[in-house]
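The structure that follows is given in the form of structure tokens.
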Amino acid sequence: MMAAALTTAELEQILVREFPQSSHLDLEIEQAGDMTARLRMPINDSQLRPGGTVSGPTLFWLADVGLYVAVMAMVGPKTQSVTTSITVNFLRLPSTAGLIAEVKLLKLGRRLAVGEVSLFSDGMADPVAHVTGTYALPPEA
Amino acid sequence: MMAAALTTAELEQILVREFPQSSHLDLEIEQAGDMTARLRMPINDSQLRPGGTVSGPTLFWLADVGLYVAVMAMVGPKTQSVTTSITVNFLRLPSTAGLIAEVKLLKLGRRLAVGEVSLFSDGMADPVAHVTGTYALPPEA
Amino acid sequence: MMAAALTTAELEQILVREFPQSSHLDLEIEQAGDMTARLRMPINDSQLRPGGTVSGPTLFWLADVGLYVAVMAMVGPKTQSVTTSITVNFLRLPSTAGLIAEVKLLKLGRRLAVGEVSLFSDGMADPVAHVTGTYALPPEA
Amino acid sequence: MMAAALTTAELEQILVREFPQSSHLDLEIEQAGDMTARLRMPINDSQLRPGGTVSGPTLFWLADVGLYVAVMAMVGPKTQSVTTSITVNFLRLPSTAGLIAEVKLLKLGRRLAVGEVSLFSDGMADPVAHVTGTYALPPEA
């Protein structure tokens, strides 16, 4: 077990700076550290699609931010990190309830981090999407 | 060569209905049909990230819509189609110029369509991202 | 909880018929059913790469077969099922010990099954690769 | 246009050393350099599946080797390069004819190379699979 490099409050400050849109979204980092993270996000009308389901880019965004948070929680504020690839499998239509992201890092190397994210609609037992992603970490100064 | 099932004007009407957010985005379908599509989208401030680059979800969104347009152009308005998986490889930082999506369908079966999308910042020769995606088509009535 | 449609012995018989190469590989299905499966495979010299590590296609093969076994265990011998897409993230160099595949189905619909596989070298705590895959199931007769 | 760092004959020698199995496969590098490569491989019985089609791992293997060849042709014999992720979309059942891999590098950075591969059965116009993959390049000495 490794200690988290940043608290959830510090991580939320980084998010607001790096992802300015997130400040409108009431995104909450419930937990981050130990190679995992858990985020929660309410859904607003602009993220809905006809039929009352959450849009794909909203799912993508939450998974991407979730991986970023899980990595930053371990390595500190290396905001030069960039997503290099993401694969999303859409499993079920989300409800209009808030989204929960459960993030697990599969590898945290010096240069690459790889993680997976399960996305849930609040109150649904089965995930609405599964995401794997890779982050390139900046070289040591 | 197969004829397009829908004109670009008809496709833009479907987009406005199915992706209401797109009506704010001045998305333009330059061409659609023959297993390909080409879309163009200006970038506005809400899609930018610090440092002057386009956000990942914006790239994701344009690729997803591009695949949708290319499929609808071939099979008609089967708006029940759903994205089942998407893989994005981020290649270069986009500029703040508009985005261009070049879509090519690799397979159009009765039940599944698979395509790839190259995303460009207007004026850059090399792609900023490469996307492959799979769409599930609704069973015949 | 759903009962397994096939026993591990029945599944091993299907494998030998559908994947004739597997009969040389001493592949063992330790468990299958309830949306999961666990397989074990010894490594022989033809699967090694210089430096004493298992080749990528061997990892790919075991993950693909693992997903197939997990799906067959639930739906019965629908051997017309075909893999439609697979994403492999290579995490660590495998040792030359046997491989273990832990399979979990994320979705089992009428037409599509989606699952993830964690691959381990026997005796290593962290996975050597993570795989997500999609299977198209044949239409009902 | 960049000159190829290695000739096809030099690349075939590296393959035999790094992928010893390839020496049994009569793999032929038809072209490599300028961010592309083209490989050809006959199919033998051990690579077939019931029904007369080529196995998934064989397709995976050829795509992986094709990306490796395209990268080595540009950067020289950096045999410490490792595949970090691969996504395969299976499009059509291959015939039992030989396979052709058309490789195109999408990015060749200092640390990461990304490419795509279209796999064809000899004599079929449409691809049997489409592959994207990422290679991590070793740090400069």
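The first chain written gets the first letter, and so on, giving A, B, C and D; residue counts start at 1 in each chain.
Here is the rule we go by: contacts are C-beta pairs under 8 Å (C-beta built on N, C-alpha and C of every residue); 3 or more make two chains touch, one makes a residue touch a chain.
Treat the numbers as computed from the prediction; the structure is a model and nothing was measured.
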item	value
Intersection of contact partners for chain C and chain D	A, B
Chain of greatest Cα-centre distance to chain A	D
Centroid distance [mean C-alpha coordinates] between chain C and chain B, Å	33
Geometric centre distance via CA averages, chain C-chain A, whole Å	28
Distance between chain centroids, defined by C-alpha means - chain A, chain B (Å)	24
Contacts with two or more other chains, residues of chain B listed in rising order	84-85, 87, 89, 114, 134
Contact graph of the chains (line, ring, star, complete, other)	complete
Touch list for chain A against partner chain B, complex	17-21, 46, 49-50, 55-58, 60-61, 64, 82-90, 93
Complex contacts: residues of chain D adjacent to chain A	84-85, 87, 111-112, 114, 134, 136
Parts of chain D lying in touch with chain B, wherever the complex brings them together	87, 89, 91-92, 106-107, 114, 116, 126-127, 130, 132, 134
